[in-house]
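Across the two complexes that follow, chain A remains constant while its partner is chain B and subsequently chain C.
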Partner chain A sequence: MKNRLIILAAVSAAAILIALTSDNRFFIDTVILALIFAGFATAWNFAGGMTGLFSLGHGGLFAVGAYTPVLLREYFGVPTLVGVLLAAVFATLAALLIGAMSLRLRGHYFALATLAFTVIVTILLTNFGSVTGGDEGISLPFANSPMDLIFQEKTSYLYLALGLYIITTLTAIIVIDSKLGFQMRALREDEVTARSMGVSALRTKLIAVMMSGFFSGLAGAVFAHYTLYITPGNTAAVAVSLQPALMAIIGGMAGVFGPLVGAFLITLLKQQLITVIGADIPGLSNAFYGGLLLLSILVLPNGLIGLGKLPPLQRARNWIASRLPPRHRAESAPPPGDHDSSGSTRSTTEVNK
Partner chain B sequence: MLDVIIYGLLAGGVLSLVAVGLTLIFGIMDITNFAHGEFMMLGMLGTATVSISLGVSPYVAVLLVAIAGIVMGVVIHFVIIKQTLGKSLYVQVFATFGLSILLQSIATMIFGTKYIALDDPLASSRVNIFGTDVEAAKLIAFVVGIALVIGIWFWLNKTRQGREIRAVAQDTYAARVVGIRPGRAYVIIFTVGVVFAVIAGGLVVPSQIANAYSGTTFTLISFVIVVLGGFGSVPGALVGGLSIGLVQAFTGVYIGTQWQQASIFVIFVLVLLLRPQGLFGRKSGDSALVGGHE
Partner chain C sequence: MSILSVQNINLARGGLKILDNLSLEAQAGHVTSVIGPNGAGKTTIFNVISGFMRPDSGAVVYDGRNVTSMLPEKLCNMGLARTFQRVRGLPSLSVRDNIVVGALNRTSSVRQAKKEADALIEELDLGEYRDQSATSLSIGTRKIVEVARVLSTGPNVVLLDEVMGGLGPSEVNIMVEFIRKLPERGIAVLLVEHHMEAVMSVSDHIVVINRGRNLAEGTPTEVAQDPGVIEAYLGSEASNA
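Now for the complex of A and B:
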């Protein structure tokens, strides 16, 4: 816990340093987006990484968070700060739907059901165009009004995004070593055993998705006020829904800081590809993005943090074991107590940062 | 009323053809393929382009494109899909999602983002089915689609090779013991899935405009059909495809076309919650949770 707090402090210090010294708007823009998505990915990780609920429905929660404060302000004159809080509350309630799915479904079925949730949110936002602006979305008025979370200076947004990230990560740091955190991991590793030992799957899963929903909603609200332009496409679409999961996986799902690493990598990659390759040939930068994504998921299924965490010998043994046909593997398997940590489950058991 | 049913069934036939590939890839290889609709998109754009540039009928062009689809299926299987066999769900989801972005952007580079429309005298002629006037293209797509789905069902159930493939799906280890090579079954099934999606694309393009982003919708609809029919079930894909066609047609006529998509996803969630194994699927061994073994 202490180490994690030190890392969090270092990350915050680095972000503040960037805010104070850099005057490269493009770079600050990257950092802000990366921090917002790092918050979102850390939120996803409460359900996806810690509890093993591989949700593809978080785009829906993000959209609830993005639209709630904007619509409440526009139609009911609700103050923005209250709206942001309500956004997190509504996203928490919407997350209960994902929680309900997690109680009955698992694996592919759960992933697809949650994906359908996102698609339904997208369609609702598109079809109720008279309220939500439909496909074209809503543009927020650009005015310097800090009480509405709309700032003139990009650096103010950097502090806002950093605040979002710190709150989310502090919660994650507290949860991961608490009794709840152990129960969540127990459910992820082996639900039947965990339940037989008295872990309440209902209670633990629902708390996990509610925390996940709360912070996803907050991230959505911050995103809306930073981009000042929200559409079903940039908040709820399938691509948005896959984003936090992707970031958490590329960075490493098992710890607290994997999602941060992944969020920075993916955001940088996307922006740099467009800058370097340019938009002269439509599709080329996206092709690189897809190709790199494919490559990294095949080469690094445990994420970057997973790479550093496995001791070299263990890695070598796992690699050899994975190359042998099954019957050799059985002979050279480690003693029973160690058995679970080799082979297919190693991705989640050994990388506990 | 009757015309709505006919329109729905005709649309559903092609949907069955796309979904049957996805359901086989899932049922036999245990792979969740998020790039499936992109193969259909490539079939649509490929057929339209070949037909326009060579000046041949789209029904000739689709054969050429299907042959290219075989090559594409085999290559993608060995380069990408083979590496994800037996890996965890998120590796599969993001490998195939990366593949889908890759195929989409390659299609953007080759064909641009413009919609391509195809005009063919045979396809746009009208036929009369039980008093309802429909485009010939839709009837042809329906007949070919259903024929291929029934064909693959016969092949899987009545031939030696088909039985071998089903054996791999049931128990890979036991299949290996009796001398079946699972690797070969995987190549065949993945390629058949790709080619079916490509053909489905070629069959719909005479009556429907297409661009590089047309595939995503079909990926999602195919997943709905696969879940509705039961993962891995060919009759399920057939019945599921026809039902989804009907639901879309009825929603379009009686509620509004903008709700067609929403209706099928609501059905999707309801099916997952009430009968997750689908219409034709078998119940999972783990009674506490559906999909417990994945």
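Now for the complex of A and C:
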């Protein structure tokens, strides 16, 4: 837990440093989007990585989060800050639908059903055009009004996105080492065994998806106020729905920071691809993601964050560890002549921590 | 007074009667074994007791309460836990984390659960496997971990389903010694087992079932001499001879 808090502090410091020093708008834009999606992917990971509920329907939750404060303000004059909170609440409730599916469906079937969920949200947003603006979506009027979460300065958005990422990740850090975290992992590993050990499948799954929904909704709300333009296509579409899963897989689903790594990589790639080749060959970026996903599953089953598990790095780490003065190592020191297994187990526990 | 009493369970799938008026009891501090030929319904009755299958009729009474068809997790919370014939475990978690999940059945404190898990690991001599993933172990060790996992939930009744299947002779001895010690903790042990030698040496009471029905029961010696049991296992010619 302590190590994770240190990493989170370092990430935050780096983001603040960028906000303070950089005046490259394109770069700051990338960092903001990456942080929003890192928050979204971390939210996804409560269900997907930690509990094994591989949802492809989180685009629907993201859209609920994006549209709620905008529509509430437009039609009912609800203040944006209240609207953002309600966005998270509504997305939490919508996530219960995904949770209900997880009680009956497993694996691929669950993934497909959740995919249908996001498609339904897309269709609803498109067809209730008189309220939602249909395919063309809604543009938020630009005004420098911090209470509406609309800022003149890009750096303000960077702080907002960072705030979103920090609260999502803090929650993840607390949950992963808690009783709930153990129970979520147990369900992910084997539902029957977990239940036979007293883990309530119903309760644990619903809590996991609700946490996931809450932070996905927040991410959607922040996204809406940053881009100032939301459509079914950039919030609920299948392509958006796949993003957090893709980011978490590529970054690594076991721990807390995999989604962050994946989000930065994918966002950078996306920006580069769109500017460099995307305009000429639309859809090429999807082919890229597909290839990346395949590659990551084949070569890096634990994601980029699991790179440390690969033998050369592991050896390097063992070598460094052997040079350092022994700290906690003494108590859990492996029996002599068992170097291979000791190496792999140490990194397993580290990834899982 | 038996802590677990299974009364007249019936269960049919399609036209096939899998359990036919089956009854059995388990006492605290005793090892009760359920034996019978393949397909007799041993694992099925375990599934019924542990809440994974719902019987058509009959009752499971645990600690004076009717717990028939209660959810497995609820039963485990109440102190009735089981192992699985095909060792499942939580594959990619470490041995310690497997046991921690069980210990969390009784406490909300992860720190406390870890302490209990470490104590159990110490007691069962699993220290060298502590940080290995459950799947990386030999089958013998996995079966021990399986039992440790169940014990960690703090049960009053444990259902052990074929915990000796696939074990070598020395491993069977370790397991037998281990099971013998369970009643000392005040636990009622219900054992489904094919390894006859082990069953005979470890059981206080044996229930023989065949085709979902009670066939015989008694002490190991009584059961071993029962003509009906010999017939069920070896066929009628053998019992005539």
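The criterion applied here is as follows: the second predicted complex is superposed on the first by the 285 of 353 C-alpha atoms of A that agree within 3 Å, B and C clash if a C-alpha of one lies under 4 Å from a C-alpha of the other, contacts with A are read in each partner's own complex, and residues count from 1 in each chain.
One rule holds for everything that comes next: a residue touches a chain if its C-beta (ideal position, glycine included) is under 8 Å from a C-beta of that chain, and two chains touch if they have at least 3 such contacts.
Predicted model, so just to flag it, every value in this text is computed and none were measured.
Colleague: Scan A:177 for contacts with chain B and chain C and give back first, second, both or neither.
Modeller: second
Colleague: Applying the touch criterion given at the start, work out whether A:77 contacts chain B, chain C, both or neither, answering first, second, both or neither.
Modeller: Neither partner.
Colleague: Which of the two, chain B or chain C, is in touch with more residues of chain A?
Modeller: Ranking chain B and chain C by residues of chain A touched puts B first.
Colleague: Where does A:186 make contact in the superposed view: on chain B (first), on chain C (second), on both, or on neither?
Modeller: In the superposition, A:186 contacts chain C only.
Colleague: Based on the superposed arrangement, let me know which partner A:196 touches: chain B (first), chain C (second), both, or neither?
Modeller: So A:196 only meets chain C here.
Colleague: Touch test for A:108: chain B only (first), chain C only (second), both, or neither?
Modeller: In the superposition, A:108 contacts chain B only.
Colleague: Does the superposition put A:141 against chain B (first), chain C (second), both, or neither?
Modeller: Neither partner.
Colleague: Would you please give the residues of chain A that touch chain B in one complex and also touch chain C in the other complex?
Modeller: Looking at chain A, the two contact sets intersect at 192.
Colleague: Flag every residue of chain A that touches chain C in the complex, lowest number first.
Modeller: The contact residues of chain A facing chain C are 177-179, 182-183, 185-186, 189-190, 192-201, 332, 334-335, 338, 341, 345-346, 348-349, 352.
Colleague: Show me the residue ranges of chain C that touch chain A in the complex, using the header's touch definition.
Modeller: Within the complex, chain C contacts chain A at residues 50, 52, 71-74, 76-77, 81-82, 84, 88-94, 97, 100-102, 104-105, 108-110, 113, 128, 130-133, 136, 149-150, 152-153.
Colleague: Quick check: in the complex, which residue numbers of chain B touch chain A?
Modeller: My answer: residues 26, 32, 80, 83-84, 86-91, 93-95, 97-109, 112-113, 173, 212, 216, 220, 223-224, 227, 231, 258-259, 261-262, 265-266, 268-269, 272-273, 276, 286, 288-294.
Colleague: Considering only the defined contacts, which chain A positions touch chain B in the complex?
Modeller: Touching chain B: residues 54, 56, 100-101, 104-113, 115-117, 119-120, 123-124, 126-127, 191-192, 238, 242, 245-246, 249, 281-287, 289-295, 297-298, 301, 326, 344, 347 of chain A.
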